[in-house]
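A, B, C, D, E and F label the chains in the order they appear, each numbered from 1.
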Amino acid sequence: MRKQKHAQSIREAVERLSDHESVRVLCNRQQEGEPMPSAKELYEIIDLCRSLIFPGYFGHSRIDIDTLPYHIGVNTEKLFKLLISQILAGMCSGNPQQDETIEARREKAKDLAAEFVASLPELRRVLATDVIAAFNGDPAAESYSEVIFCYPAIRAISNYRIAHRLMELGVPLIPRIISEMAHSETGIDIHPAATIGEYFTIDHGTGVVIGATAILGNNVKLYQGVTLGAKSFPLDENGNPIKGIARHPIIGDNVIIYSNATILGRITIGEGAVIGGNIWITDSVAPGEMVTQSKAKQKKGE
Amino acid sequence: MRKQKHAQSIREAVERLSDHESVRVLCNRQQEGEPMPSAKELYEIIDLCRSLIFPGYFGHSRIDIDTLPYHIGVNTEKLFKLLISQILAGMCSGNPQQDETIEARREKAKDLAAEFVASLPELRRVLATDVIAAFNGDPAAESYSEVIFCYPAIRAISNYRIAHRLMELGVPLIPRIISEMAHSETGIDIHPAATIGEYFTIDHGTGVVIGATAILGNNVKLYQGVTLGAKSFPLDENGNPIKGIARHPIIGDNVIIYSNATILGRITIGEGAVIGGNIWITDSVAPGEMVTQSKAKQKKGE
Amino acid sequence: MRKQKHAQSIREAVERLSDHESVRVLCNRQQEGEPMPSAKELYEIIDLCRSLIFPGYFGHSRIDIDTLPYHIGVNTEKLFKLLISQILAGMCSGNPQQDETIEARREKAKDLAAEFVASLPELRRVLATDVIAAFNGDPAAESYSEVIFCYPAIRAISNYRIAHRLMELGVPLIPRIISEMAHSETGIDIHPAATIGEYFTIDHGTGVVIGATAILGNNVKLYQGVTLGAKSFPLDENGNPIKGIARHPIIGDNVIIYSNATILGRITIGEGAVIGGNIWITDSVAPGEMVTQSKAKQKKGE
Amino acid sequence: MRKQKHAQSIREAVERLSDHESVRVLCNRQQEGEPMPSAKELYEIIDLCRSLIFPGYFGHSRIDIDTLPYHIGVNTEKLFKLLISQILAGMCSGNPQQDETIEARREKAKDLAAEFVASLPELRRVLATDVIAAFNGDPAAESYSEVIFCYPAIRAISNYRIAHRLMELGVPLIPRIISEMAHSETGIDIHPAATIGEYFTIDHGTGVVIGATAILGNNVKLYQGVTLGAKSFPLDENGNPIKGIARHPIIGDNVIIYSNATILGRITIGEGAVIGGNIWITDSVAPGEMVTQSKAKQKKGE
Amino acid sequence: MRKQKHAQSIREAVERLSDHESVRVLCNRQQEGEPMPSAKELYEIIDLCRSLIFPGYFGHSRIDIDTLPYHIGVNTEKLFKLLISQILAGMCSGNPQQDETIEARREKAKDLAAEFVASLPELRRVLATDVIAAFNGDPAAESYSEVIFCYPAIRAISNYRIAHRLMELGVPLIPRIISEMAHSETGIDIHPAATIGEYFTIDHGTGVVIGATAILGNNVKLYQGVTLGAKSFPLDENGNPIKGIARHPIIGDNVIIYSNATILGRITIGEGAVIGGNIWITDSVAPGEMVTQSKAKQKKGE
Amino acid sequence: MRKQKHAQSIREAVERLSDHESVRVLCNRQQEGEPMPSAKELYEIIDLCRSLIFPGYFGHSRIDIDTLPYHIGVNTEKLFKLLISQILAGMCSGNPQQDETIEARREKAKDLAAEFVASLPELRRVLATDVIAAFNGDPAAESYSEVIFCYPAIRAISNYRIAHRLMELGVPLIPRIISEMAHSETGIDIHPAATIGEYFTIDHGTGVVIGATAILGNNVKLYQGVTLGAKSFPLDENGNPIKGIARHPIIGDNVIIYSNATILGRITIGEGAVIGGNIWITDSVAPGEMVTQSKAKQKKGE
């Protein structure tokens, strides 16, 4: 009898969960032939990019200079094919354009994937500057190997630079999933639409947030918990935030921002400025300025 | 000879690690027939819940409205069976009641699993409000799809609502493991015992902490690094914290709390209040009030 | 024709990515017979350590006191072999010493692996104190099982104590990878070179940073977001930070540091001191002192 | 230097193996979008058919009469989709028709897959007769369960009946792969084009061969090593065998053929005949006749 | 519209396949808590037996004499547990006894599994004689290693001896599945109920059949294609074969039977007899006799 | 108490199975650093060979003529590395030469692996003749694709040609394992030491045996169940067969041998001869001769 009751609970739940009205809003219905965004494939895409950019550190093979081109060839082709599928998935799920056929979108996805692949050498060049910045900036770093293998900043910045390139190419949804993958792994949340210069580094990194319209110069260093966020959102007539307005800070070259500092709004932190930890900044800071928290009061323990 | 020495090191370590006295405290000994809490099964439980609540986003199949009920049926039954095993594991490991037979506990686990399954439609209804809140509250959000696929807040809140329901049903241990899974993935730490209203959202999220006795109204929005914590713990006569006392804040409807704010103790943040970032609050805040940090001092860089 | 263009993009990218000059800096070239650091093997090493230290909680078998020594024996041997390979990988990648043969380094790796294995009983003893501290310090904790299964602090501290032991033995690179694995899972970033006493606990934990030269006494408790960091780095004549200088705080016995506090530089927090949340400390604090943030200003919402 | 020589061996082999002329004959080049025949998918197709035909014996779930339709629904849909892909692969690899677009072929594949799915209930009915025949014919059989779980004949006949249905529908290549899968597992080689009645059984089975144009009535029983083959092939003007000519035996109802008998050519074995073991038959046998081998001579061992 | 038609085909097939009447005969319905026979677990059982009997040949670890007992301990316990589950599955599926509770059957399964484990040393002793016989009997054999690693006879005889021991213990269904696993892998079909002496070997082996009531002495050698079968089955009043009657040959010590010979019925092949290839024997053969085929006729090719 | 008894059974079995004396004969003890023969790696080796010889049929990638050399390069290097490990394993297990260091043997293994890789183009050329022979010889064959994908003969002959090449290079043990892999999959048992010409084919194939010293010319065709075996073995003074004597038949060019024929001893079947099915031949057959079985007797069924 108990078993009957359980069977009935299941049957009723199935009916209610299958109910068309209930499914309508949250259900993701795709047309036949449309690939779905796949975390598994996107992880594979990131792993392939990393093995192409940092040969010998990631992926399963030891590097042999004689056979390196074969491996790079196979991985590049594999990356190209996976990208086509995920770019197309992004087009279908993230921003479906009803007036294009699936075939037309697939051709476009191939063009974009080929463009992305063509950017890999430049991505390698820029990420090399980030590795150097991380090594130089950390007295505890003992080798480039340690930086590339272990530093969460390198992982987060790699994902950001990959995602940013895809966003420049106009790919919907996928860049955001890629940057959230790094967010989950490192606690560093860089919106793929942000603009970030070379020799960028983040120490420790957990809790860092960089908003979609933020612009960072070259040689910027952040510590854990730094927020480059928005102060408030202008609302439209329906009370919803207006999308697409520049609302995050501009950070000049050679700026250092210490842990847990919060910098909000479309303000400018001038070149070479230093922002101390645990503070809250909503006004621009002049080049070369140093800003720190007011003194904490100390009292005897009770 | 060296090999002999290594063999001896291993043999000695094995003996000391197998020593009954050493094992006694930390060892988890279960009776035959008792399942163990399994991270793998719990991940599967969460994935099944997510595929049932958000059809077509998670899980491996594309949605076809004709065959949807078959899939929901199979997944619901699978969820039911996995839940029985893990609820029973929670009963045995988390809170062993020596006076009940394993069979009695298994029957109880089935009842609870059936009750949980019956709650799924309601969980879908409430999580839909959270998706809407995240979309409306973020100018960078481009579609519900993006919110459901990528936003860590949705993942953390899904786990919380699932874990909270299990806790309401009296399941030990398992709810906490489920909320720590989301903590690990998102950096958002919501105790499953907390009470949280509808249309709840968290932006970025890393470092958020919501304590076990916290109560949040409807339409609350938190930013990264917000703590809703306890100020201090009354100790019992042995100097240990007394368990079960209400010690976390009550947050009214429509409250916004900005990044890295710390709110401690059984205080009340009144309806519609706005709490600025990086501040430390231990006293109640009236409805509609806005609280911000005192000005940082700025000085020229040296 | 389009297909031709895509094929050309791929071919050109492969050539540029295989270019010797471009590969030279970032490529990790290893000699034949040298193992590579492997995240998969290191996860397995951590899982084996955890199953040996906390029997019955991790790993796949239920504990049966009759057959426990067999399991401990097999797992210890497996750990020993995996350690040899990863210690050797660390020696080769992290700090290659050109004047030693691979065979000599392998022999050394075996000695170190055997020494590590011999430390396991002591690691179990110390980690038991951490479990007790976590249980006693959290009114929400309901059993040791809950603490061992779920608490991110236990995971982070386990990885730290394992990595620290390997660092004491002089193993390069591997300790850092192990501590970054815990950092990724828990948001807690403890440098393996830090020195930490017994009965150590961290509540919630996300965002905690403990620097390489920090020294913590017994019975210290930290909350989420606490930084024990460096204030500034003395630079050498080339403008690079001088490595190896003591630059992080010394924390006395029985100190509590609340959430998001930032403590920087080689200062001393005296025994029994209490540091409030969200504050920034760069000067030593006397034993027993209590330090808190200055009052936030509150204003009516507009 | 030795390493150089090895590298050269590899390089030369790669060049010769990539040589267009060498690749031309044996290489399987497919157009984009064309699936490949996949042993893995075909095994899955057979497993799905078996779990649909014999519920509860194969597949991972225990049968619960309440939820059986959900499982059958999910598995049927999965079978339908896999079939579309493999039928299309068969069309492209086995018998490419250059004048049809890939889309047209895909539509046709869907029609055929739907027709196959519609045949499943009839396949269940006929296979049930084979199970009964195997059980009744073997004194060692203890239950239908044993027959369905263990008997290689059931596996081989299942694959045959599935492959034969696909061949009737005009699917190229795939039926043959399916029957060779059973051949490999059981040593029973039944060409999918053969025609076989109900209540068919094979004892032991290894070495049985049934040719493409053979016709078997109802209630036929074969033992291991029986060949129903062709005697000779009429050749065309180029000396190649003419394809498609009826060249294998016709076996009447209720015939038994004992082990290692060889029956060749388009002859008829009449209803109820019994063919003894180890003999070679190239002329028709009248209904009810019994044919056996001539006596072996026996001599004392030397 | 086409899509509608396909959807309807699927829906109708699902309905017919779920129909209670259609399911009734062939469906395997088990009670809750009853394990199912699992090919995967049975393969694991065989692999464990082989790794325990032939240490260092099978399984993943290299043998180290210092740690061998740990591995044997873990594998023996694992085998014990898997056996309990599969023996119980055999009891439930193969021969359900309605009057025993599942718990009673589980206790019985434990007893039988323990008895089987206790037989392993004897199984090792006997299989060693089979290895020696295979090595001595084959001029192409180069080492015991080659025999143990490669010879299908060793695999088939191992499975037979394991299955036979389980059958002696009264386990239903499972022994037959185990012997059919070897049949599929080697083409050698030995019924687990057959009785076979020591120093048994089979050369090549494909097509060998040994019936359920056959009895073989010591030092017997068979070649490929040999059948030790039944001549005819006495029928009961319903025309079905009477089960359990001795109907297969008795083969004396030191007998050799060459390829494709067929020996049928409860006859005796006397000690030291030699049976030539491709012959059909239905009468007893005296000790020491040699039996060969009558001469083939040869004619010029046409 | 019962549990105690089971524990004791296990403990005693472990002790007896670990007993040094019992382990001594059958245990495979290898030195550190010596790889073990691995079925898994050998399957991978065969798959790599097949994907290199028949591009586009096996392996996971569709062939694109632009990127084919990358894939062939990666697969060739992978094959080279796996071969080194398995050739070395063969040297250590199959035929340990105590007077060579492991390093010397490893260098030799590399030389042999490189030589094997250099033979791949020739293997492709010869296997192409076998594919053509199978297609031409079977009226049921519809395309080269069908032959390559499905025909067990192609699989068995591929393994034979690979294993034979390794045997020519002097690799112990491994060739035999490779040919037994094909034996298990196809029921065709070709000893790797046999010598076989081009355009070789086997129809159906189950039960075919070709002995170690057999020599087959070009364009030979065998049917299922054919044995090319040894008649008797000359024994040495200890009664063991003398190894290495030519003892299997020589088959001329263009010979056809029908199903289940048994040809034994160092006899010669002359060019163009045809051997009928189910017969036993121990004397040479002249070129062009046709040999068939004597007539079976037929009698009315009783």
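Quick note on the criterion: contacts are C-beta pairs under 8 Å (C-beta built on N, C-alpha and C of every residue); 3 or more make two chains touch, one makes a residue touch a chain.
It should be emphasised that the depicted structure is a prediction, and the values quoted were computed from it without experimental measurement.
With contact taken as defined at the outset, subunit B and subunit E are each touched by C, D.
Each of B-D and A-D has its own count of C-beta contacts, and the greater count is at B-D.
Interface note: subunit E and subunit F, two copies of one sequence, contact each other through mostly non-matching residue numbers (shared numbers fall below half of all numbers used). Inter-chain spacing, taken between the CA centroids of subunit A and subunit C, is 24 Å. For this pair, subunit C with subunit D, the centres built from the Cα atoms lie 58 Å apart. In subunit C, the residues touching two or more other chains are 10, 14, 67, 69-70, 72-73, 77, 187, 206-207, 225, 260, 276, 278-279, 292-294. Chain pairs that touch one another, listed by label: A-B, A-C, A-D, A-F, B-C, B-D, B-E, C-E, C-F, D-E, D-F, E-F. Taken together, the subunit B residues at the contact with subunit A in this complex read 52-57, 62-63, 65, 68-69, 72-73, 76-77, 80, 107, 110-111, 113-115, 117-118, 120-121, 124-125, 127-128, 131, 136-140, 142-146, 148-152, 185-187, 204, 206-207, 223-225, 258-260, 276-279, 292-302.
On the subunit D side of its complex with subunit B, the touching residues are 64, 67, 69-74, 77. Interface of subunit C with subunit F (complex): residues 7, 10-11, 14, 66-67, 70.
Those residues of subunit F that touch subunit E in the complex are listed here as 2, 5-6, 9-10, 12-18, 20, 22-23, 25-30, 32, 34, 36-37, 93-95, 172-173, 176-177, 180, 183-184, 187, 189, 191, 193, 206-207, 209, 211-212, 225, 227, 229-230, 233, 240-245, 247, 260, 262, 264, 272-274, 276, 278-281, 285, 288-294.
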